[in-house]
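Read through the structure below, which is laid out as structure tokens, and then see the notes.
Labels A, B, C and D are assigned to the chains in the order they are written; within every chain, residues are numbered from 1.
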């Protein structure tokens, strides 16, 4: 069972190499192969997740070398949650892209790049070695640059170069931090570094934390570092946007920031204040920018920035409620963001535009798509039965309890702003009657993944129900709260 | 770069030097676990040899020695081979386990899977960088009245 | 210490090239220079005075090797990061060609069709 | 001790000078070439610092990067006529400030040169030839102990080259009009 931990990543890599070797010319076979590889990996990750949530974390050493020689890989409840989410969303998105990508040329290469991006994300999630995280971050990022520029239009290329340069700055900062970590403590393993960091001076800690946090905040697009995200995510093909906005910023940014704040720099509580500040800025800025957008994809992207801000705020507040809020918000957010991007992709597939001025009366022409789109929007806006409502509520309660009343008020205000811009969008785009409604629905292959995601958005709140919560989210929160994994990573030898 | 390549002196020197570069690259790859070198070093040196050919004779000549489809296949095969070495490690109990006998130190056939990995990485690096350089140096921009027109010189399919 | 300050200087030169310069080629050069700085930092951090390369030869005693050899791990990491930098250069070169086709310039300020 | 701090510092100063020229030169060709100079000095430094493996890789990677960069400089763009203006001065000022901070606190952040903590590295040195019978410790780290990193690295090259091929295809969408033929 433990061997499966590397398999999710290896399946993606093997799939990508095989597609580029055998089915470079054949779009249909490449698509089918990609779907089956992703499905295989999704099944594996669900199995792994069940194992982790029932029997506890898995520790694995690449090459069979015991520490400190081998690279430590680790799947604890926190990373298992992210892993399952990544691969399930990836499966739905891949099915969707089998039809959506038909208008692009060279789609086999799209699958190659897409699978490698997923492999990189899986690699980040299972790794406990900071240099390994850097390598797989680069794998995922480099693949995502290409995917952003895949359509080869002028704007897409422009977005790609901005994204590349900003991303390179981020990864260089991370690399410098890794060099300094290695130079001072002689280790690359996160858990061992946490042990060694007790002997470091505050100057050193601040320097490392600053570099790492700046790097990963660039990846997560928290507000002072957000400039690349609106271009890159709005210009990518819809399936890529769905994965980038739904999962990639959360895996490459949020997940690693959780690791950095909660598991590495535990004796530097001031980091949390910094995160609170960045989070509040992102929330407000993203919300306000989204209000004025005419391009619907851009609106969704600014909403991503705003919602990442919620996660950062929850992380900044900390404590049981804050951490629970972060994870719940992440789950609900990932499903609804992926749904929204797939939805707007379907609209673009049928109507050929994403400008809100050119789209009218979608409610009449594309009723099913509209239904799913509304579900996603209401989900993000935080209307009661959906998961986002509960997560926002938890974050607000946590803020009040921790004494950050101002932040709590800000969270409520931004929630209202979010509802506001989605209602505005609803009014102009979906409910505005056209003179002669002609029904032209998106193909079924596009609708089915959206339907599943819409269902997920509805039921994601179920994770909070007592009885289910104890077995899923609470275990992940425990990893963020007290570092139980240290016992198995450090304890047994050396 | 240019259609006909460089002058005759450069071309004949390139022709003489190329086999030695290839030989040196291969020896670096094979002896990577004993002496300085290894898959990456050998791979980039082999790429240097091909770069010399591309510069001296143009991309078409280089493509005759290593056709682009073969290079693409080699790229994937190298990557797959390295992944296969990693996955075959499961027979010994772990991902990337060195499952072959380690042999004697300072002998060529020693240290288990390292030599296979070296060959695979070398293949991968040379094929990948060759494709990158060839494709980039084949790219042409032709000036038209409203901007530029992109074209690959010597039009080949994929 | 002076060596580390020189590395920091090089890092900032490269970063200046990436952030303040507007030409794509200059940006790529800046990226490369930042890469040099980080690679050199890694190798310096593993260096021992009078160190030898971490490669055992037949006429060398094992104890001498263990005492004198420099840290091999940073070198392995640098190998990885050199190759990643090269990948960035190749990819950005291709991107620059395509951008020149669409915009007719390498000037980042003129490549600006997307709003804010 | 032939190899002292000042020799290394002199070489690095030369390298830094190359970097400054590369960033500031108006002519793009000369700036690319001075970047290449800096890279070759870097490979000499690697050789002096006991890292022959990466010295070899650095030389050839530098050449490949140089050729790639030179081949994309076009007649229209020989000179870099862009200016940074106030923004550039601001950036420089911030960097100078950061450099000052590093100058003050540097001793807290890095260990003195030449006395590293070789905890992990020592293990690798010992086990490379004992367990794997591979005398070259760097190769055995790259391909065995930390082979998993190398898998990621090989994937980065793979994906970068796939990206180059994808970026330089004729057209991106099927509905766009064909090229000139």
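Simple rule for what comes next: a contact is a pair of C-beta atoms (placed from the backbone, for glycine too) under 8 Å apart; a residue touches a chain by one contact, two chains touch by 3 or more.
This structure is a prediction, so every number in the text was calculated from the model and none was measured.
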Go through B-C and A-C and name the pair with more C-beta contacts between its chains. A-C
Between chain B and chain D, what's the gap in Å when you average each chain's C-alpha atoms? 20
Chain centre separation in whole Å, for chain C relative to chain A (CA means): 28
Separation of mean Cα positions, chain B and chain A [Å, integer]: 35
By the touch definition above, chain A meets two or more other chains at residues 6, 13, 17, 20, 62-63, 131, 135, 138, 142, 145-146, 149, 152-153, 183, 188
Numbers and ranges of chain C residues touching at least 2 other chains: 15, 19, 45, 53, 55-56, 73-74, 77, 79-80, 83-84, 86-88, 90-91, 93-98, 100, 102, 104, 108
Could you check chain D for residues that touch two or more other chains and list them? 52-53, 57, 61, 64, 68, 71-72, 74, 110-111, 116, 118, 120-121, 124, 129, 135-136, 138, 142, 144, 146-153, 155-161, 163-165, 167-168, 170
Please classify the inter-chain touch graph. Allowed labels: line, ring, star, complete, other. complete
Residues of chain D that touch chain A when the two form their complex: 105, 108-111, 116-121, 123-124, 127, 144-149, 151-153, 155-156, 158-160, 162-163, 165-167, 169-175
Chain B residues touching chain C in their complex are 35-36, 40, 105-106, 125, 129, 132, 135-136, 139, 141, 147-150
Provide the residue numbers of chain D that touch chain B in the complex, in ascending order. 52-53, 55-57, 60-61, 63-64, 67-68, 71-72, 74, 129, 131-136, 138-140, 142-144, 147-148, 150-151, 154-155, 157-158, 160-161, 164-165, 168, 170, 179-181
What residues of chain C sit close enough to touch chain B in their complex? 53, 55-56, 58, 79, 83, 86, 90, 93-94, 97-98, 100-102, 104
Show me the residue ranges of chain A that touch chain C in the complex, using the header's touch definition. 131, 135, 138, 142, 145-146, 149, 152-155, 157-161, 164-165, 168-169, 172, 175-176, 178-179, 182-183, 188, 230-231, 235
